[in-house]
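Letters A, B, C and D mark the chains as written, and numbering starts fresh at 1 in each.
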Amino acid sequence: MLKIQNIQTFYGNIQALKDVSIEIEEGEIVALIGANGAGKTTTLMSICGISPPRSGDILLDGDSIKGVAADKIVQKGIVQVPEGRRIFPDLTVQENLEMGAFLRKNKRLIQQDLNYVMTLFPILEKRRTQLGGTLSGGEQQMLAISRALMARPRVLLLDEPSLGLAPLIIKQIFEIIRKINKESNTTIFLVEQNANQALKLADRGYVMENGRITLVDSADKLLANDDVRKAYLGI
Amino acid sequence: MAEKKHKLLEVKGLTMDFGGLRAVDSVTLEVHEGEIAALIGPNGAGKTTFFNCVTGIYKPTKGDILLHPKGLETRRLNGLKPNKVTEMGLARTFQNIRLFPDMTVLENVMIGRHCRTKAGIFRAIIRDKMVRDEEQQIIESSYQLLEKVGLARFANEFSRNLPYGAQRRLEIARAMATDPFLLLLDEPAAGMNPYETSELDQLICKISSEDKIAILLIEHDMKLVMNISNPIYVMEYGKKIAEGSPREIKDNPKVIEAYLGEETDA
Amino acid sequence: MEYFLQLFFSGLTRGSIYALIALGYTMVYGIIQLINFAHGEIYMIGAFVALIVAGVCTIYGLSGVSILILAGVIAVIYACAYGYTLEKVAYRPLRGAPRLAPLISAIGMSIFLQNYVLLAQTSDFLPFPRLIPDFAFMEPVAHIIGSPELVILVTTVVTMILLTLLIKKTRVGKAMRATQQDMNMARLVGVNVDRIISMTFIIGSGLAAIGGVLVASYIGQVNFYIGFLAGVKAFTAAVLGGIGSIPGAVIGGLVLGWAESFAAGYISSAYEDVFTFGLLVLILTLRPAGILGKARKQKV
Amino acid sequence: MLQNLKQSLLISLWFVFLTFPLMVVRVNTMDQVVIWRWMNMLWVAIASFVLSYGWRYMFARQKVRKKVADEGGETRSKLQLLLEDMSFRYKAMGVILVAALIFPQVFDTYQSTIMISALIYVVLGLGLNISVGLAGLLDLGYVAFFGVGAYSYALLNHHFDLGFWISLPIGGIIGCLFGIVLGFPILRLRGDYLAIVTLGFGMIFKVVMENWDSLSFGPSGIANIDKPSFFGMDLNLADSTVYIYYIMIAMVIFTILVTNRLKNSRVGRAWIAMREDETACVAMGIDIARTKLSAYALGAFWAGMVGVLFASKTTFINPASFTFMESAIILSIVVLGGMGSILGVIIGAFFLILLPEYMRAFSEYRMMTFGAAMVLMMIFRPQGIISNLRQTYQYKGLKDKTNNG
């Protein structure tokens, strides 16, 4: 459903992505793993239209979305939970969630989804009127995921959802991600440094190094791959 | 190695709070003469914040940072301005490269010489012999540093036009130009390809052995870390969770857990 | 005491006008970090358009508060159109350019607009028709606060309330706040940031025009150059309050209005502007981010 | 094609609407008359229609250029390449110097006077270039230092009968002292805050000069300031203009020499580094406070000095000469010319000062054109006329040879 074909993305003169191709089928969970600075975040930003690729193409259901404005891409159903959460710090939790549904008009359905994410993460109900910036890291991550869900995404892009969180919360968040995938058949593209966790959750995985995809395989096989283990643990 | 080495940097119970968030939680760490020490840990563990405290960019909430230059008296670095810290002999590089993009490669290194040279405004205008000599010396020594990191052929390029890996090495050269006895490298290998990384590996060892500069580095590339550094300190959630030789670190279940999630089957 | 109250109210009136103009600066700055130097000119154009409408009407024999309202509405519409065009022509092509470029462009636009009005109209001060009658119910307090002041205060308060509602409650307002806090994230939830920036310019310009019309009818004259000083002072107010902060702009405007009014009343009216900028230097030295501004921790 | 036409028609329609009240209706509320100037609508429509084509063309060109740059192609203009050729530069400098020296012999006093004011702005531009162009400290009140210098000389001359030559360094030093004193509170400020505070200083200076009658004689200013003396001789107007012209040429050369040396010195590099990245700069052991202050004070020094000359040239000064507009023009010289580039600033000064002078025929339109030019320049050539040239050093015992812009 989402097809990235040989994209090259630059930051100024620095080439961040070199010939990256990724395919994601409907309903799948695909993980992109790699070290810091490998180009994972850039990949997501290229898909979302924030840093459009200079060459190559990105197709959604066969239609090119390369060069389409970021807000139009959201409208097409690709929604990102960016690295570092990026909650609007001076909006309340409720307002943050409403911002997630910015492009939707149907008030009743929005309310319904609001209730849904509150059951998914009950803590958000409690924090409803609090400013986003005052939440703890884990709560912010939950809010960020919920905000993205409010857009009713067809493809959910997650950038390092485990970053800086305690193991228990990571576990909780990964379970929710699985649940979102199962319950609403949302396609998920997960970018992680925490390779083990990500691959356990995903169906398939891509490994990225220095802006290139170096390995593609099913998640189980990648988990067992010696190179992957070496790359991440230096063992 | 049995002989007790001179302790250069001593950090005791360093704590840094941002609002309600404790980014660094009573971390204790030491760097001795001739060492290449490494500080590792998952993203967001507080490593860079630790660097920023030591180099004076942040003022730590609690704890002591003591510098013991050889043959000089001990200095407490807490609350000193970053330029004073650098003057004291402690230089650093940045995680997200911070070169001076509109200056040439050579000029970037020449900036590093600033705190070791003297010419003021009036002398610069008059440009007497001493100033000219000093200037020439800055050029020569900067050029030598560029040769050392393998960037001499780029000397007159704008630094923004350098490839990524070369920019990282330029940052190291620039930091070395301040004549440090201790060098703090923040993710020097980030964004480098394996070939560049192995070159960097050699460069760091060379700096350590030839220039007698002790090194403390933050790094994600485990291969690099395990190859060249000893001791290794591991941070997670702002706390130091382990320290020791590469072998000890590899076998430490806490470390494996920190890197892989809660699994301990590695 | 009476003198004090007089100064108090004249400071309040003045301050509320500064606040109206300062809002435009602060909103634009909050989103694209640009000192919109031409904002004062938008204020001037608003006043001028109002003068033209009111002038034509009075010459054809119409008069009264309703004319002022008509002139005000047309002035606001035109100011909004100018603000929108200004952004499109002079600032949008410069998105992502070095920081000084849009600032120079803004200064250029300010010079351009001033001289455009000068050429199209005149360099003379034109009297603005007196359209606010002395209300009978104001008689007992007229020596402290006059009818025009009352109109200004009521209008600004109503405008501020409407603005607050717009920003707090509406979809656009929320999008504006979100864009200000994190522009790329706003894009990622589907906000058309370009449109929001245009909206910001339009709203800010409208507010400035309201200020322009009020001042013109209060002071009673208009000239192509009035935008400059008003603009500089309003920007000072915005910085005082903490630029980027909407309540900050209001507080900054009021502080500035009172400071000027009291300083002029008790110390020396000639040095009014010295107090203005002296206050600015003082506050920024003590609190570099302004009264309500937040010091942003920069990431290293 | 058709789409372009439609777009241009729409733009034209929009501008007709936009300019309608101001361009068409002219109301004189004093005499109670309204003049309707309907023809203006036609002019606006035609002008905006034509200009919209030009606008589009420029953007298309810029896009092409950007693509070339992305692919690593040559984007420097022919002029820029020529300027990087050292032998050409030396020749050009020689020619310009000779032309500058014989100028007053060939042209009349009026031309020399215009040239003097252009040269004054060259020095002002170069002075401001130190703080804005090199050190990156945006200063919107620079004209205040110019005023300080001018008033210093006027007052010293008026009260103590001090001559031009002795006052010249004094004016510079007083300007410099003001720079230091005003510099202290703003050291902590960054970027736009700095800009607005400096703007405030500029305004304060003007207001104080307008009102402190006992010191500055208020808005009426100080008249009968001595012109520079030439070995005690009294010169007639024409001769003294020529004399001042040569002083000015010498001053420009002196300024170029000094700023050039500074730029290529340890101090100058620290300024540039601070402009590029303050955090990295301080991590290199550079004392930011001292570096900022030195740049600010040195910039003020030139302004003070050239202020003395300005006062002696006009023999009359009042606060009206030191408005924000002046600061804006000096800043525009620096930015339009090319930040940090000495040659660029010189060209920028001539461009901005001489063009309006020689456009006096269209004097009505010149300020408007000036404003529009600033906007267009920023949009289509934000790096300025001359972008900063790369500096090269020779090493390995070779003699230091520099190439600078």
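For this structure, a couple of remarks:
The rule is short, and it goes like this: a contact is a pair of C-beta atoms (placed from the backbone, for glycine too) under 8 Å apart; a residue touches a chain by one contact, two chains touch by 3 or more.
This one's a predicted model, so the numbers in the text were calculated from it and none came from an experiment.
Centroid analysis (C-alpha atoms only) places C farthest from chain B. Sorting all chain pairs by how many C-beta pairs they have in contact places C-D at the top.
For the pair chain A and chain B, the distance between mean C-alpha positions equals 33 Å.
Taking each chain's centre as the average of its CA atoms, chain C and chain D sit 29 Å apart.
Taking each chain's centre as the mean of its C-alpha atoms, chain B lies 42 Å from chain D.
The mean-CA centres of chain B and chain C are about 49 angstrom from one another, to the nearest whole unit.
Those residues of chain D in touch with two or more other chains are numbered 279. Taken residue by residue, chain B touches two or more other chains at 57, 94, whereas all remaining positions touch fewer. The touching residues of chain D, when paired with chain B in their complex, are 258, 261-262, 265-270, 272-273, 276-277, 279-288, 294, 298, 388, 390-396, 400. Residues of chain D touching chain C in their complex: 14, 17-19, 21-23, 25-30, 32-34, 40, 59, 132, 138, 185-186, 188-193, 195-197, 199-201, 203-204, 207-208, 210-211, 279, 324-325, 328, 331-332, 335-336, 339, 364-365, 367-368, 370-375, 377-379, 382. Considering their complex, residues 21, 42-45, 160-161, 163-164, 187, 190-194, 220-223, 225-226, 237, 250, 256-257, 259-263, 266 of chain B touch chain A.
Considering their complex, residues 55, 57, 81-83, 86-87, 91-92, 94, 98-104, 106-107, 110-117, 119-121, 124-125, 127, 131-132, 134-136, 138-140, 143, 155-156, 158, 174-175, 178 of chain B touch chain D.
Against chain C, the residues of chain A that register as touching in their complex are 48-50, 69-71, 74-75, 79-80, 82, 86, 88-91, 95, 98-100, 102-103, 147-148, 151.
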